[in-house]
Amino acid sequence: MNYRIGKIEGIRTLTKSIKEYEIVLDEPINPEPGQFAMLWIPGVGEIPLSFADAETKRIKFIVARVGKVTGHMHDKLRAGDKVFIRGPLGRGFTRIRGGRALLVAGGYGLAPLYFLSRKLRSMECGVKALLGFKSDDEIFYVKEFEELVETEISVEHGSSGHRGTVLDLFKDVIRVERFNMVYACGREELNLALIRKCLRMGVPVEASFERIMRCGAGICGSCSIEPLGIRVCRDGPVIDGSMIAPMLEAP
Amino acid sequence: MSPDLEVELAGLRLRNPTILASGILGSFYGLMKRVEDAGAGAITTKTVTREPREGYPNPVFVDLGFGYLNAMGLPNPGIREFSVELRRAAREIRIPLIASIGGRNEEEFMDVAGRALDAGCSGIELNLSCPHVSGYGLEIGSDLQLACSIIKAVKSISSKPVFTKISIHQARPDIVSRYLGSGADGVTAINTIRAAAICVESMTPILSNIIGGLSGPCIRPIAVAAIYEIRRELPGVPIIGVGGVDGWRAALELILAGANAVGVGSAIARKDLQIFGEIIEGLRRFLAERGFKSIKELVGYAHRS
Amino acid sequence: MSPDLEVELAGLRLRNPTILASGILGSFYGLMKRVEDAGAGAITTKTVTREPREGYPNPVFVDLGFGYLNAMGLPNPGIREFSVELRRAAREIRIPLIASIGGRNEEEFMDVAGRALDAGCSGIELNLSCPHVSGYGLEIGSDLQLACSIIKAVKSISSKPVFTKISIHQARPDIVSRYLGSGADGVTAINTIRAAAICVESMTPILSNIIGGLSGPCIRPIAVAAIYEIRRELPGVPIIGVGGVDGWRAALELILAGANAVGVGSAIARKDLQIFGEIIEGLRRFLAERGFKSIKELVGYAHRS
Amino acid sequence: MNYRIGKIEGIRTLTKSIKEYEIVLDEPINPEPGQFAMLWIPGVGEIPLSFADAETKRIKFIVARVGKVTGHMHDKLRAGDKVFIRGPLGRGFTRIRGGRALLVAGGYGLAPLYFLSRKLRSMECGVKALLGFKSDDEIFYVKEFEELVETEISVEHGSSGHRGTVLDLFKDVIRVERFNMVYACGREELNLALIRKCLRMGVPVEASFERIMRCGAGICGSCSIEPLGIRVCRDGPVIDGSMIAPMLEAP
């Protein structure tokens, strides 16, 4: 069978719509930051989730409540429950060695970037993370980031951090600091805006994209970014900004 | 001179005998373009139906190691929306584009085929064999009379070649010759085989639809027998061999059995699009080493022994 | 208390749900005795016919990695000579002995079944499904009327349970219920699947008969679907699940799908006779870990979800 | 595919009905003496043959002309031709370490024993070989044996070596010498007679048997030694004398 068996070790409520799941697998796994897994809950469904962390058999997911499966996870899963995982799937972030990296996340997009921060530390990089949230009560994982890297946050409607979107914050930061690489994960508009900006400035950029996943194996075509024919499950989810360039023609 | 891989298939000219199998990446223009760039000789689209279909919920795909199980549920945007992709593909892609058509009755097949032809496809493949969607595919194909009347009807509006895609249950020379008698120009053998997997840990079926279709290397011997027997009884019929092609040896095995061209399907899960180049290179090398001038010489070669 | 593996199968009591599949070692008393000693719950003999049959020349067997291809050609010494083995086996072996019967017509089936019953077998399995011997097996089984009349005839002389062994082509609840209506006590699903392999190096088919039957892990998903669908539509029918059982997980998968007992066939090529002990131990451990008292609780369990 | 590809490197005529084939495989193989291969010649057939020698990719068979396939080999095979091999199959000889071993061969039965001699040399064993032939012009491989081990031959109708059968020779030898192990390969009567004798004297004995082979994988039942249920292809071809004891009841 293609699934590994996972046992929920702990569930942490991060915000009213986001939880963190710590899972222990029956076998070691070694994903790259940016790669994802298909998580199957028998009788419920199967969804893609980015690895938020991984160490031998221990992995973390950060899950926003959206619909059927994520709702079931939030409402029904308890420590000790079994889940099934296939992966790691897809292509993760290209890690730079040395230099300075900027991480830009929107909402649960910080999941793969947190994992990336942990890995970049050993690469002798300077890392700065920009985390964007909608409101004060949606803020999470800031302490976790701060323990690893220099972190700034933006809140659209709230009192903490910078007021505004993370894109605004990004523009402010990029005006005064230079980076060798920008890593992004957020809603598609955010990703595209960041890519456009970076390409203009000539800064390499990679962003993690989402599409409806079905096979997760690069054959069904369901996750294609058209008309480029880039499969998020296989060619992505992390995609080099320059690959996306043709989508940005309209400014 | 480098050996010739070009094949002719019911009037279609393919630069080499590899064809993207139906249901694999053939849902969007962009993906089809990449398949052309990867070297394929032709492309079959995802099976398209008259109405849009959501498909089944996840899980829809299981990697079994020796093969794959899938029950996508024929998700597709319906022929109206798909015509846009098809039209663009027909305009910008130079290799033959075979539109795979699904339906629940003659009328639906006619309607979809008509629009696909309109959009500029180079040929039609009638999906009479998908084993896990109720009302479609094999349920239609199991009724020989109905299948023949669908073939006749579609053929009546198509100046392009019409292939019937068959399951193992139709992989009998007597049935195939009825299809040919109804006007089919060729046959695509085989579709996936009805199958299921149960997870022992959770004691539940894995696919949301429970029943799916088996593909991959493990069905290759079944495809080889089907192709071999059809070729033996019907020496002239154009055959697209499909099932477990995961490299040049597998492609050659189907060709030796009698396939004029071979579909490449789920092996893309393991080898990605490079598989087309790998097959093409492998075949070319084999032909050169053995002193053959053209891949056509090898079609059905195993029948000589 | 250790969980109970005993199962009941159309009146036969098996100490555990493993059965030696037909064609595997069941040709001689000595081999059958070893299978009993290895722990099997029951034994099916090699298919025996009225007249002796030489079988096909070598090669008759191909190991494909993910499964096996064979075309033995039903070699057997004929029922007269085989009765000697069977009689000795019936006398000295304590687990149920199911005689697999082959024939070209009703009369041959009756004759062979009569002698097998005479020799003391505990049950009969009608081979209506062997896919590569002309005039036998699937060629008989493809004719529904003929199959039913054979079942009726054999049943009329047998007080012992009669199973019909089916191929994927007969693995449909409507066909199986016709068999049951004709008197069959149960169904054995599935036989090997028509298949072939061509050696690319020599460009020739490998099997001397060209066409053979595919068995092993690669057909398990196909067997699972067949069993699942029969169990769903015919909740009471005794099913011997066969196909790709290569360990306790595979055995359990077939049981969860609805098999009351499971045949063990070509996996013996890789695991030898220890496989029976391995399955038995594995099932016992699984039942204990999950708190089940009897394997019977798991028959068709996957239907609950 | 389960076949290895072999190319005939050389063919040597040993007697009018026996030839030696040297074959180079596409991949290394590592059989034990006593194990066999199924040799397939497309369009002709497939037969079991004991390894007469093996070193990485290079193997030898010694083949007596019997019928269809062996006849084809004798008449048609040429250096450069391809053959196909599956194996090594079955169970070979148990090699003793130290002590003295006696090898008893009849006709082409010397094939696996020659291979065994080569391997026993490195085990610090004293080895003696008794080779039996029907007539003077059927003698072969004596020099090959003599280069490795102490060798005596018997000829039933001829002038060389001991007059008589190899069984007679065996009885003579065993009367004056002690061995820790006897290895035999010949016609079934020879094997059985040797086993009976050895069991009586309490000397461990192993013999290589033949039956019609079909699957070669231990599942079809064709090669069973009945009523013992011993499969030559899997439990054998080399069988410990004590396993055969029930067959010897009649003296």
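As written, the chains take the letters A, B, C and D, and residue 1 is the first residue of each chain.
Following the convention adopted for this analysis, a residue touches a chain if its C-beta (ideal position, glycine included) is under 8 Å from a C-beta of that chain, and two chains touch if they have at least 3 such contacts.
All of these numbers come straight from a predicted model, not from anything done at the bench.
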{"item": "Chain A and chain B: spacing of chain centres that average the CA atoms, whole Å", "value": "37"}
{"item": "Whole-Å separation of chain centres (CA-atom averages), chain A against chain D", "value": "65"}
{"item": "Distance between the centres, which are taken as Cα means, of chain C and chain B, whole angstrom", "value": "33"}
{"item": "Junction residues of chain B - those touching two or more other chains", "value": "64-65, 197, 200, 202, 204, 305"}
{"item": "Multi-partner residues of chain A (at least 2 other chains)", "value": "42-43"}
{"item": "Graph class of chain-chain contacts, one of line, ring, star, complete, other", "value": "line"}
{"item": "All chain pairs that touch each other", "value": "A-B, B-C, C-D"}
{"item": "Complex interface listing, chain C residues touching chain B", "value": "64-67, 69, 168-169, 193-198, 200, 202-205, 210-211, 214, 217-219, 221-222, 224-226, 228-229, 249, 252-253, 256-257, 286, 298, 301-302, 305"}
{"item": "Residue numbers on chain D that touch chain C, as the complex places them", "value": "1-3, 5, 38, 40, 42-43, 45-47, 82, 84, 86, 213-222, 224-231, 234"}
{"item": "Contact footprint of chain D on chain C as seen in their complex", "value": "23-34, 46, 55, 57-65, 68, 70, 72, 75, 88, 197, 199-202, 204, 206, 208, 265-266, 268-269, 272"}
